[in-house]
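Multiple structures are listed underneath, in structure tokens.
Here come two complexes built around subunit A, the first alongside subunit B, the second alongside subunit C.
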Partner chain A sequence: MNAGILLIKKEFVQMARDLRMVWLPIVFILLGCTQPIITYYLPTILEALGGGQGITIDSSAISQEGGEVLASTLGSQFDQLGIIILVVALMGIIQSDKSNGMLAFILTRPVSISSYLFGKVVSNYIVVVLSVTIGFFVSYLYVNSLFTMVPFSHFLIALLLYLLWVLFLVAFTLMISAIFRSQGIIALISIIFLTGCRIIVNFIPAIDVINPASLSKHASEVLATGTFNTSVIIIVFVEFIWILVLFSITNYWISLKKIDYD
Partner chain B sequence: MQLHYGLDDLKNINFMDFLPVILPFIAIGMFLVVFALQDLYRHRKSRENILLWTIVILFVNTLGAILYFVVGRKESGRS
Partner chain C sequence: MKLEIKNVAKAYKNKKVVNNFNMEMRTGECVGLIGPNGAGKSTLIKMIADIIKPDNGEIILNGTKITNMKKEIGYLPQYPAFYNWMTAKETLEFMGQLSCVKKAELTLRIPEILRKVGLHGAQNDKVGTFSGGMKQRLGIAQALLHKPSLVIMDEPVSALDPIGRREVLNIIQDIKKETTILFSTHILNDAEEICERFVVMKEGLKLEDTTTSQLIYRQNEDRLSLELATNDLVWIDIVKTLPYVKEVKVMGKRLEIMVENLSNNKKQLLSNAIEHNVDIMRFEIRRDTLEEIFLKMVVSE
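And then the complex of A and B:
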């Protein structure tokens, strides 16, 4: 595991050079701000810009609960633009190492592929977790000041569930990044698959159990209703199996490709 | 319904109503843009298409700066 820690350090140096540690949190703060502000000013914006005559806007009628707004931050900001931004930030995770020969160099050293992947995922996941947490916390502060108070425990549970879905996202992008060569194709496939996962949630209940994106739905549910569905535990369990599968595919693929690069 | 606002109407807008809410949002957005531009200026010798990136960062809201950080920095680093 010593090599793994070394690789994590190397990855952090790389990310500091990319300035990813700076811009990723900022972007998520912006995403987190957007939803509460827009929801809060929606009546005013409609009044000023909507050309529909005869529409009555009763601003007292739209008194949304804070939890619903926070849930829609997850659903309509983090799960749409957020996925795209995360995939774009992570698409080079292995591909850039492959293209500049770093992967071939590392594998000539006595470093196992699994510790290389471990270092990659842990370091990138830490940065992503920090960004998402900061962004979601800013959203939480906005919701608390503009709408009603949301209990901090609900916020924490929803955040934890959401971060598990993000872990799947990181692992999936890692696998695609190891398989394909062009960054555009990596981004395209990951974005289409992951947003597809998020869209088909709720369509067929049987698929929801094996769909990691339903964790995001459960996170929204915790925020909106305050209740906790026990079926989450099965989904979390299935999700960890998914991540293991993705890891072993990545591991297998790199060990297969090793001959090409030597 | 009034669709067009003249300059005189600016006086009637109560900025203090929404400024405290909007200001952090604008400040963070501005910071991202300024940060990207500053990075572009610092590495102006080794970057390609500097004018194009400046326009993209300034006019494509938020996404322009992200695109610059992801695509704009990487390509030139290799060549």
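And then the complex of A and C:
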């Protein structure tokens, strides 16, 4: 595991030098404040644009609860643009090492594939977690000042559930990045699959237990209704299994030594 | 140190790239793996570096499978990959630590090894700014850093310009004294210059495993080469009738004469030439260059 820690350090230096550690949190801060601000000023915007002839805007009628707005930060911002941005940020996670021969080179050293993957996932996940947390926290602050207060415990539970879904996202992109050669294909497959999972959640609730994206829905529910459904625990458990399966596939795929392209 | 390659085979889509290859190497040897493009050299080297799994057979270093002996191997790929955002020093620190070299030892080893490959002036430059020759030298540095007992290099000089090539060859000459080296090349002069032992590969098979002197000695036929001042056709006809002459090739003023026994017949031929008052410019025993021997071996079959 020594090599794993070394690889984590290396990833951090790399992410600091290519400024990912700066732009990823900024993007999520922007995504986080978009939802509360737009929702708050929407009536004003509509009025100002003057397109509302014949429409009466009763600002009190559409005023939303803070929890609902915070929930739609997850559903409308993070789960749409957020997924795309995360996938684009992560699509080269293994593919770039593979295409320039670095992966093969690293594996000629006494480094196991699992410690290589460990280094990759831990470092990238930490940066993603920080970005999502900061962005979500900014959203939380805006919601609290523009709408009604949301209890911090709700915020925290929703965040933790959401971060587990994000871990699935990281693991899935990691696997696709290990299997395919072109960044475009990696991005396409990951984005379609992950947003597909998220969309299905709304239409086919029957498969919630096995749908990794359902955690995002449950996170929203905690915020919007303030209730915590105990069935979520099973979903969390299934989610962990999914993530382990994805890691094993990635590990197995690399161990087939399909890392050499000459 | 003992490297054993036993019955190793590898096929890609039913095309046999390496076919039942056997070889042994011991401490201190410098072996050149030569063969035309597509002979399977790179594939073999990659199997020794444990990048590719052989379909068949095994590669054993000091009695242990190569997969568990990675610390003992220094590998220089044909196109060494580096992170362009790292400096030369950081690259070596990273690579060294991956090979479980202690940090304290690295701080001593890195300046030393950078000096050896002539990069100590560029140790804080980003690898992205390096030329091909510099990258290759950095590649050699990383391959030697952890003091492996075997260094394997895949075409270490093929992609370099004459200057870079010379630099790298000199470094290999230098490190050869301390380590065991196996390297592949399709440039014969390089192999001839550096190593004593050759393994010739063609279409995945081992054609030869021999030393320079043996190879030249064995492949040579007894041949004399003469250059005449004028095209003396009369004497050439006389030579053709001599009992010990097997064959005469005439190329303008140059003659190539194959005789039965070189050491005895060369004097006879020379005195015969003097007898007939032939104006000789040059009279020599002709040996095939390594390149000619190689071409004969690889093309004929």
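Simple rule for what comes next: the second predicted complex is superposed on the first by the 254 of 262 C-alpha atoms of A that agree within 3 Å, B and C clash if a C-alpha of one lies under 4 Å from a C-alpha of the other, contacts with A are read in each partner's own complex, and residues count from 1 in each chain.
Keep this in mind: a contact is a pair of C-beta atoms (placed from the backbone, for glycine too) under 8 Å apart; a residue touches a chain by one contact, two chains touch by 3 or more.
Predicted model only: the values in this text are computed from it and were never measured.
**Student:** Counting only touches as set out at the top, which of subunit B and subunit C does A:C33 meet: first, second, both, neither?
**Tutor:** First partner only.
**Student:** Which partner does A:V111 contact after superposing on A: first (subunit B), second (subunit C), both, neither?
**Tutor:** It touches subunit C, and subunit B stays clear.
**Student:** Pick one for A:L6: touches subunit B only (first), subunit C only (second), both, or neither.
**Tutor:** A:L6: touches subunit C, not subunit B.
**Student:** A:G101 in the overlay: touching subunit B, subunit C, both, or neither? Say first, second, both or neither.
**Tutor:** Once the two structures are laid over each other on A, A:G101 reaches subunit C alone.
**Student:** So, does A:F152 touch the first partner subunit B, the second partner subunit C, both, or neither?
**Tutor:** After superposition on chain A, A:F152 lies in contact with neither partner.
**Student:** Touch test for A:Y41: subunit B only (first), subunit C only (second), both, or neither?
**Tutor:** first
**Student:** Is A:V88 contacted by the first partner subunit B, the second partner subunit C, both or neither?
**Tutor:** Touch partner of A:V88: subunit B, not subunit C.
**Student:** Based on the superposed arrangement, let me know which partner A:D18 touches: subunit B (first), subunit C (second), both, or neither?
**Tutor:** both
**Student:** If I apply the document's touch criterion, which positions on subunit A are contacted by subunit B in one structure and by subunit C in the other?
**Tutor:** Looking at subunit A, the two contact sets intersect at 18, 100.
**Student:** Quick check: in the complex, which residue numbers of subunit C touch subunit A?
**Tutor:** 42, 46, 49-53, 70-71, 73, 75, 77-83, 85, 94-95, 97-100
**Student:** Would you pull the subunit B residues touching subunit A in the complex into a rising list?
**Tutor:** 1, 3, 18, 21-22, 24-25, 28-29, 31-32, 35-36, 39, 62, 65-66, 69-70, 73-74, 78
**Student:** Over in the complex, which subunit A residues touch subunit C? Could you list them?
**Tutor:** Residues of subunit A touching subunit C: 2-3, 6, 10, 14, 17-18, 100-102, 104-111, 257, 259-260, 262.
**Student:** Which bits of subunit A are touching subunit B when the two form their complex?
**Tutor:** Listed in rising order, the residues are 18-20, 22-23, 26-27, 29-30, 33-34, 37, 40-41, 51, 53, 85, 88-89, 92, 96, 100, 142, 146.
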